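The same chain A turns up in both complexes below, where it pairs with chain B and then with chain C.
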Partner chain A sequence: MALNISMDVNNGVAKIVLEGEVDASVSDKFKEAVEKAARQKPNRLVMFMDKLTFMASAGLRILIFAKQKMGADVNIYVIGASGPVLNTLKMSGFDRSVYVQASYVD
Partner chain B sequence: MDSRIDFYPTHEHSGYKLRPGKPYPFGASLVPGGINFSIFSRHATSCTLVLFEKHASKPLVEIPFPHSFRIGNVYSMVVFDLDCENIEYGYRMDGPNDPANGHRFDNSKILLDPYAKAIGGRDIWGKTPDWNEVFQYRGRLVFEDFDWEDDHALETPIEDLVIYEAHVRSFTRHPSSKVKFPGTYAALVEKIPYLKQLGINCIELMPVYEFDEFENSRPNPSTGEMLYNYWGYSTVGFFAPKSGYAATGKFGMQVDELKNMVKHLHKNGIEVMLDVVFNHTAEGNEKGPTISFRGVDNSTYYMLTPEGYYFNFSGCGNTLNCNNPIVRNMVLDCLRYWASEYHIDGFRFDLAAILGRDPRGAPLPNPPLLETLAFDPVLGKCKLIAEAWDAGGLNMLGSFPAYGRWAEWNGKFRDHVRKFLRGDKGMVGKMGQRVQGSPDLYDRNGRGPTASINFVTCHDGFTLYDLFSYNGKHNEVNCENNRDGSNDNFSWNCGHEGDSESSEVRWLRHKLVKNAAVLLIISQGVPMMLMGDEIGRTQKGNNNTYCHDSDLNWMDWSLVEKNTDLLRFFRNMIAFRRAHPVLRSPTHFQNRDYVGSGVADITWHGVQKWNADWSNESRILAFMLDGRHAKGGAAKDNTIYVAVNSYWESLSFSLPDPPSGKKWHLFANTGVEYPGDICIPGMEIPLQNQNDFLVGPRSAIILLAR
Partner chain C sequence: MLTKKNSLVVPGTLESLSALRQYTMDACTTAGLTKDQAYGLSLAIDEIATNIMVHGYGKNGLTGNISIVAEITDENVTLVMEDTSPEFDARKLAVPPAESLKKPLEERPIGGLGVYLTLQNVDRFDYQRIGGVNRNSFIIKRAKK
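On to the complex of A and B.
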C-alpha cells in the first residue's frame, strides 16, 4: 500500500498526516515532509498516524531524524497510533521521546 | 556536504559509483552519500563485495575491490547511492585452500563481515531456515541514532552489586509470564518491576550476540521435540544483537529494542552485564560451516595445530586466536562498541582462561588481551568478570591476571557452599575463607573481596531447588546418553530423588535453599544468583539444559505464588545486604580491631562464643561482623551475627555480647516456617534470651545488634 502524506503549518504548529504504510521505499517522502516542516521553524510538530497501518524501521528513523532536526525545544506529538505502529514505537522506546496521544485538540 | 570533493565517486562498476574507502573503522559505516566497506584479510589474494536486497536469494551486484583499493591487508571501498535500509552485504574472498598451512579460502562462499552490526537471516526465533540459501547470515547496516536522552552506564560500585543471571528468552517465554511479546527484550522491560522488587541491581544476560539456534539442531528421537542451540554460547557475529530476541526483529529493529531495554533498566537502577563468548565461534571444527572467519582469514582468527586442524580448548570445535593482534583488536573494538553504543555496564567472559593463551595454546604470563582490556579508556568503568577456566584444563581461579580490574566467577565458593550445606565434613575452615570474600584466593596483588563473584548456582548446572532435589543429573532428554553436564554437583536430594509429595522433604528443601541464600547474600564479595532460584525454579534434574526451548528453561511465573516464602526470603535478604555496608566491604577483613571498638572486624564463634570449631567433624559456622569496622571503618553500621548449623540436629549457640548498650535482634531464622523465617530489614525482633540461641537442624540465623 502506498503512503499518502499531507503537511501544513499554521500558527507555529506543523501537522503531518500519514496514511498507508511507511517502509524503506517511501521513507524519503516522509523525510521530505519533515524537512519542509522544519524549514518553517514550527514550535510543535504533530503527526497523525491513525490511518497508518505499518511502520518499518525506516519510518522510525525519520521520527528520530525529526526530533534531531527540530531541536530539543520543539515538542513532537504522535497522534492516534495503534496496533503494529504503536507496538513498534513502544518496543523501540521511541514512545519516551515524543508525546504519544490518542487524540489531539488544537 | 556537496562541496567536499572527497565524497565524489572516482570509479564505477555495473552502474554503481565507487571511490577508495577508508580502512578504519572496519565494517560497513555510513558516510555522506554512501557506505564505507572495510574488511581485513592478510592471506586473501582478492576480495569482492556482494550486495543483496533485503531477503533476496540472489545478489544485487558483486563488486570486486579494485587492486588500488587495498591498503596493506585491508580492502576498503565507498559505494554511493545505496538504499541503506534495504541492503544486505557479504564478501567473497579468494586465496589458497591449503588446510595444512592454515588456509581455507573458498570463493563459492559468501561471508559474513566479522564487524557486521546487525545480521539478517535469523530474524524470527525458531523459524526454520532455508538451508539452500547461499547467504545464511547477512550483514546489515545500522543507524546509531537511538535517543538515549541522558542515559549512561550506572557505574555502581562493584561491591554493591547483586547480580541476577538470566536468559532473555527463558525469562518471559513461559505463558505464565503474561507479557505481550514473550521471550523478547521488550518483554524483559515489562518485568522490570519484578526485578526491582526482588532488589537486584544488575542483570547479567546470557549471550545476546547473534547466534543461530539451529546450529546442531536435531529432533529428540523419542519425543520429536526439536533440540536447539538454545543458550547461545556460539557466536555468529560479535557486534550484532540476537535478532530472534527482539519482537521487532522481523522489522530489523533489534538494535533499537535492545537499547531501549538497557535504557529502561538503567532508569530503574539496574546495570546490564553481557555474557560474552570470545573463546570460540559458531563455525566449529574443519567439518563445520564456513560463515565468516574461516573464509576471511582462517589462520589469523583461529588457533591451529601444526597440521592445520583446530585447537579445541573451548570444547566447541575451535578456539578463537585471541592473542593474535588482529583478533585482539577485534575483541577490543567489539567491547568498546557495546560499551559506547549500547551503554553496557560490564562483561562476563565465558571460558576466559582461553583469552590468556598464546596462538599455540600455551598459557601466557602476561596476556596482552587481558591487559589491553583492563587498561582501555573506553572500558575504564566497565566491570570485567572472568570465568577463569577453560575446557582445555587451564584453571586460573585466584591467579587470573587481574591488572587491578578483573573479577572472577568463584567456583570454589560454589563448591564449598554446596558441600557445607549438604553436611560434608571438613568444610568449616574453607567456609571461613568463602564468607570473607576468599582472601586465600584474592588477598594478594591488591585484589580485594570484590575479585570474587560469589555464586552457588549459574546457568551451568543445577538450579538451586534442584541442588537439593537430586543426587545426580538427569540429562537424558538432551539425547547424549546422560554423558553431558558436570558429574560434580555436590548436591543432595533430601531423601527423595526428584519431585516429592512429602511435606517434610519439601520443608527441608526450602530450608536449604534459604540457607544457601543466607551464605550467598551475607558473604563478602559480589553475590550472583540464577534466574528463578528465588522462586524455586526446577529443571527437573537436568544440569545442562543448553538445548531446550521448553519449560525446562522457561521461568514458570506461577511459582511466584507457589513458593512465595522463597521469594520473600530472597527479597528481604537482598534488602538486608543493601541496607548494611558491613556486608559490602571493598577490602578484606584484617581479623583484628583497627578502629578501637574492642573487637576485631570479624570474629569467629561456635556453639561456644569466641570458640570456633574448625575441626574436621565440625559442621557449624558462626561469625560476628563488627559494624564499627564497616567499609574499613569509614561507615557506621550495626553489628551482625550469623550462625549456620549444617548438622542434622539442633544445637544451642552461646551468643557473643553485642556492642555495649545494644541488644540482639533476630532478622532471619531458616529453621522457622514462613512467615517467621525472616523479617523486613529494620523490623528485626528483639531476642528474649540474649545469651543463647537454639539453632535448628540444617538451619541458619542472622542476628543484628541494635
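On to the complex of A and C.
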C-alpha cells in the first residue's frame, strides 16, 4: 500500500494526516510535508496516524527531523497510532518526546 | 518438518520494499505467527533491505538483486535474504545506547534506529559472507503447541 498524505496549517497548528505505509521509498514525501508545514512556522504539529499500517525507521527519522526543523518549543502530537506502529514508537522511546493521544480536539 | 516457500527475487531498489514485506507477511501467515510477530519480522526485513538498497548498492554506484526465502520448521521461521553488494555485517553497526532512547528528539541523531528495530523484533539475526554474497538470516521462534 502506498502512502497518502495531506497537510494543512491553520491558526498556528500544522496537521499532517498519514494513511498507508511509511518506508524509505516514500519517506521523502513525508519529509516534504513536514518541510512545507515548517515554512509556515506553526506552534504545534499534529500527526494523525490512525490509518497508518506500517512505519519503518525511515518514518521515525522524519519525526526527529520535524522536531529539529521546527524547534524544541513546537510540541508534536501523534494521534490514533495503534498496534505495532504504536509499539515501534514506544520501543524507540519516542513516546517520551511526543504527545501520544487516542484523539485530538482543536 | 521443513516447509520451504518459493523464493522471491527483486531488484535492490527501494521500490521493492513492499514486495519483500508482502512475501514476509505471507510466510508468517503460513507459519501461523501472531500479527505482532509478523509485523516485527516484516519491519526487520524492511530495515536491513533498506540498508542494502541505499548503502550496499546505491551509495556504491552498484545495481543488483535481493533474494528472500522462508523456511518454516516446527521450531522456527527463518527468512534468509541475500544480495551481492559489498560485504557488510549490519550487526557491527552501533545501536543507540539505552540513554540515547530516552533523549528528547531535538537531541537525537537522525539515524541509527534501523538495526536497533531489527534486533528488537527477531529472536536471532545472523550474517554470513559466502563467496560474493551477503546472507542475512532472521529467525523467529514459533510458539509451542
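For the reader, a short list of remarks on this structure follows.
Assume the second predicted complex is superposed on the first by the 106 of 106 C-alpha atoms of A that agree within 3 Å, B and C clash if a C-alpha of one lies under 4 Å from a C-alpha of the other, contacts with A are read in each partner's own complex, and residues count from 1 in each chain.
Keep this in mind: contacts are C-beta pairs under 8 Å (C-beta built on N, C-alpha and C of every residue); 3 or more make two chains touch, one makes a residue touch a chain.
None of these values were measured; they are calculated from a predicted model.
Of the two partner chains placed by the overlay, neither chain B nor chain C lies in contact with A:Glu19. Put simply, more of the residues of chain A are touched by C, taking chain B and chain C as the two choices.
By the touch criterion defined above, A:Ser92 lies against chain B and chain C together after alignment on the C-alpha atoms of chain A. Once the two complexes are overlaid on the shared chain, A:Ala58 sits against chain B and chain C alike.
When both complexes are overlaid on chain A, the residue A:Ala72 reaches chain C alone and has no touch with chain B. Contacts of chain A with chain B, set against its contacts with chain C after fitting on chain A, overlap at residues 24-25, 56-58, 60-61, 64-65, 67-68, 87-88, 91-94, 96-97.
Residues 14-15, 17-18, 21, 35-36, 39-40, 42-43, 46-47, 50, 53-54, 101-106, 108, 110-111, 113-114, 116-117, 120 of chain C touch chain A in their complex.
Those residues of chain A lying in contact with chain C across their complex are 1, 21, 23-25, 54, 56-58, 60-61, 63-68, 71-72, 76, 83-84, 87-88, 91-94, 96-98.
Taken in their complex, chain A has these residues touching chain B: 24-25, 27, 56-58, 60-61, 64-65, 67-68, 87-88, 90-94, 96-97.
Those residues of chain B that touch chain A in the complex are listed here as 83, 85-86, 143, 145-147, 149, 180-181, 184-186, 246-248, 251-253, 256-257, 259-260, 263-264.
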